[in-house]
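In what comes next, chain A is part of two complexes: it sits with chain B in the first one and with chain C in the second one.
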Partner chain A sequence: MNLSDHYKSVGPWLNGSGPESDIIVSSRVRLARNIAGFLFLSSASQSQKKEIFEYIQNQIQSTKLNDDIWMMNINELGEVEKQILTERHLISRQLADGNNESGAAITHDETLSLMINEEDHLRIQAMSSGLQLHETYKKIVEIDNILEEKLPFSFSPQYGYLTACPTNVGTGIRVSVMLHLPALKISEQMDKVLRSAKDLGLAVRGLYGEGSEPVGDFYQLSNQVTLGKCENKIIDELIELAINPMIEYERRARQKLLEKKSVVLDDKIHRACGILSNARMISSDETLYMLSYIRLGIYLGRIQHISLETTNKLLLLTQPAHLQFLCQKNLTPNQRDEYRAELIREHINTH
Partner chain B sequence: MTQCQLCDKKATVHLTEIVEGQQIVKHLCQECAQNEGLAIQANAPISEMLGNLIDAQQEAQQGNEIRCPQCGLTWSDFRKQGLLGCPNDYIAFGKPLQILIERAQNNATKHSGQLPQHHKGNFGQQVRLLQLRQDLQTAVEAEDYEAAVKLRDEINKFTTSNT
Partner chain C sequence: MNLSDHYKSVGPWLNGSGPESDIIVSSRVRLARNIAGFLFLSSASQSQKKEIFEYIQNQIQSTKLNDDIWMMNINELGEVEKQILTERHLISRQLADGNNESGAAITHDETLSLMINEEDHLRIQAMSSGLQLHETYKKIVEIDNILEEKLPFSFSPQYGYLTACPTNVGTGIRVSVMLHLPALKISEQMDKVLRSAKDLGLAVRGLYGEGSEPVGDFYQLSNQVTLGKCENKIIDELIELAINPMIEYERRARQKLLEKKSVVLDDKIHRACGILSNARMISSDETLYMLSYIRLGIYLGRIQHISLETTNKLLLLTQPAHLQFLCQKNLTPNQRDEYRAELIREHINTH
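So, the complex of A and B:
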């Protein structure tokens, strides 16, 4: 089996299962690690980067993880494939845009990816569907322990795990969830929500993390502080102070829309259905906004003829690189919009 | 209007110092006070003020720029690129880095999370290994293969005894 066999379907983090999945699309935990006795990447020479890359690859391959991973060198991937991996959240934009001597190891089930020579020597990342931060963290601890048997991580008693950027030092942990908050957006409460998240010292970003703008009512929420608290406390605080309240606000906003503005709500949902079933050209941003209303409509029981599975599948397959992969050729932006509209009609009108 | 003691401008900073029982009064304009290191720029954003404070501390400590002996990165290089060059920077940049970390990390200065389970080397040994690898790189660049072989052996010995 090849990794590309997966590109026509969604990864397990987008399968719509898991607790609170009406609002929490997915959970992600990543750890930043560097190998003791090597320079960080910004100071390392090309030959040192190569040594680090090969050393980490070899050590990963000497663990039991090797039976279950695809190992890839970023240089050997084409532009479309790099972008596909980014769209699937398996590698970061930074890794995809980077140059030599970097790569990734991705597990066959796409729940775990190890990025080598991104900002740090190693980034360990695990993802799951719905709100499963503790479960995901537990999984990542196992992986961290397996790797740490082979790879001596740079660590100081005072600062903990040492990272290239001091904003990651200590635990090296970044915990994030992807939230779907359409009702808060419709009822114009998003500014308030974003402000309170920032007051709590949390980062709110778009679908693709750092540097991406929120599109289609999907937001990524993550911790900023990585030092001075243990990993479980960082996770607990994120859940208790931010995620749980946001789930409650969004549910309340949904309920209020149903009670007081059901016509406005239905209008948005059915217009979205209309556009997606009939458009002959559609951009990826507009698609995300429309799918956002469909997703809301499904969870509120306002539409029956489109399944959650189809919606999630379209969220991913309508992204530019996936689209080009499905079409098997390079497309101009206009051709992409045309093909995207066709793909959506096919899925919505026949499923 | 009180004039600045150093130029003709209006004095806006008035300082009374008592040194060994002697009272010394200074009247300075904003600019001269800044040059004397007695005042910080008015209306500067707090981050800039803290930045200045860190820079001032760093200069007071060293008299000149801090440079990490392991990776060669200077404090100002780090401030420009935002990324550290090696683990030893956490020691080499001492107090200024600690202040910056406190600011970024909600006043935390000490790790209290998970600890490595298997690795036995302490931080001093990690820096020693870094030094050996740097020396190896220098030896290879200088085509001093005899030294390179010795260093390579030493690194191997080091890594097998510490993991």
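So, the complex of A and C:
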């Protein structure tokens, strides 16, 4: 089975089946690790980086993880494939764009990915559908343990795991969720929500991670500090102080809109449906805005013929590299808008 | 049969069956007449106006036209009904709003209407589908002759028919067509077209006549001067110098759009379809813009499930008084937008 067969579908972490999936699209946990006895990448020469890469690659392949992963050398991938992996949240932009001797190991269901020589020697990432941070953390701990048997991680009794960037020192953990908050946006409460997230020391980003602006009411929320707290406490605090309140506010805002502005809401939801089912050209941004209303319409029972899974899938498949891959040729921006509209119509009208 | 049953449908002049119906929605001819021996309305007292009204009413009722008309006293009509008749182009705003002793006689198929004591003692108006100015004129001449047997029209051998306003003196004729010119608008040629119409001494108005702005690519084009030319020449010139060139330019512009911007065009047409089939609130202006694209889509073969007749019918039924009549209650502007969307969905999705 070829990795590229996967690019037509999405992994279980995007299938809309997890808890609170109407608001929490997905959960993600990643750990930053470095190997004792090797220089940090910022100080390493190309040949040392190569040595690190090959060493880690070999060690991973000597574990039982090897049965279920694709191992790839980033430098051997084409531009479109690198971009596809980025769009699928399996590798970071930094890894895709970098010139390091670097690689990735990705499980067949795409819920686990290991990046070698990104910012740290090793990054371990796991993703799940809906709000499943504790479950995802449990899973990543297993993987971490399996790898630790083969790889001597740099660890200081005083500071914890040592990492290339000081913000990751300690647990080396970053915990994040992809949120969909349309009702808070419509009822103009997002500024307040974003401010309180900032006050809690959390980072809020757009759908496509670091450096991307929030579009279409989709956000990524993650912790920033990893030092001085244990992993479970970091996760607990994120859920209790930020995620649970946001879910509650969003649900309350949806209820209020339904009571006070039900026709206005129905109008927006059904128009979104009409536009996605009929447009012959559509931009990436307009797609996100329309999918946001469709998701809201599904939650409110206004839309029956489209599933959450389809909307999540379209979030991914309508991105530039996926479009080019699915269409099997290079596309100009105008052609992308045309093909995007076609792909959406196919999914909306038949799934 | 009650007149109000008619308000749910439209007369044959809007059924989209006439020549060039894709561009010329309808043709209209009206004659201005005054009765010899009575003062012009501007000089007449209320009791004299009443006398004129009753005299003309009686004379009309003594002709064979009486078998096929509703005769009505404007002052006895409710506000909504007066507005409905205005929206249906059967009476003018001036007649609906005026305080004269005035009336109207309308044939059951609504292709002929006689207004008593509008600006002149009598106005005779005939309407047909598509481009049928000569046919419509022939019909109105028959009516004019029938009436002239009973009514002594003021006529000067030197000037022709005498009218209240000097612009109508002579033939007393006004000839107009309702045009749909979406491609000229999209390809930014409307300014040029409007300028040349002005140079020809023609008036260009919006869909709802005098004082209305063109919205959604619908225009009314009419002659201004009626003195010094015979009726057939006025009609010939309007057709040859203005209407035929506009039809040709519009067709050429459509062809060009189809060749150069076919996807952009398809996108606009199908989005219009998606919006009209799905919106839960829609303004009158947006309706006109969307119906304009639907009409274009029908002509280009892009839309099969909606007929020209349905689009023409919706131009009428989606107006405020029609909405209130069909819904059988007074509606706020927001409620109108809701009910308009509902009415459109019913027509678009089932007809």
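The definition used in the following text is that the second predicted complex is superposed on the first by the 349 of 351 C-alpha atoms of A that agree within 3 Å, B and C clash if a C-alpha of one lies under 4 Å from a C-alpha of the other, contacts with A are read in each partner's own complex, and residues count from 1 in each chain.
Going forward, contacts are C-beta pairs under 8 Å (C-beta built on N, C-alpha and C of every residue); 3 or more make two chains touch, one makes a residue touch a chain.
A quick note: this is a predicted structure, and the numbers were derived from the prediction, not measured.
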item	value
Touched partner set for A:P333, first chain B, second chain C, both or neither	neither
First (chain B), second (chain C), both or neither touched by A:R280	second
First, second, both or neither for A:D266, with chain B first and chain C second	second
Partner chain(s) touched by A:F40 [first = chain B, second = chain C, both, neither]	first
First, second, both or neither for A:A341, with chain B first and chain C second	second
Which superposed partner A:P19 touches (first chain B, second chain C, both, neither)	neither
Touching partner for A:P157 - first (chain B), second (chain C), both, neither	first
Per-residue touch tally on chain A - higher for chain B or for chain C	B
Chain A-touching residues of chain C, taken from the complex the two chains share	263-264, 266-267, 270-271, 273-275, 277-281, 338, 341
Chain A residues within the chain B interface of the complex	34, 36-43, 45, 47-48, 119, 141, 144-145, 148-150, 152-162, 164-167, 169-171, 173, 201, 224-231
Residues of chain B defined as touching chain A within the complex	70-73, 81-87, 90, 97, 100-101, 104-119, 121, 123, 126, 129-130, 132-134, 137, 140, 155, 158-159, 162-163
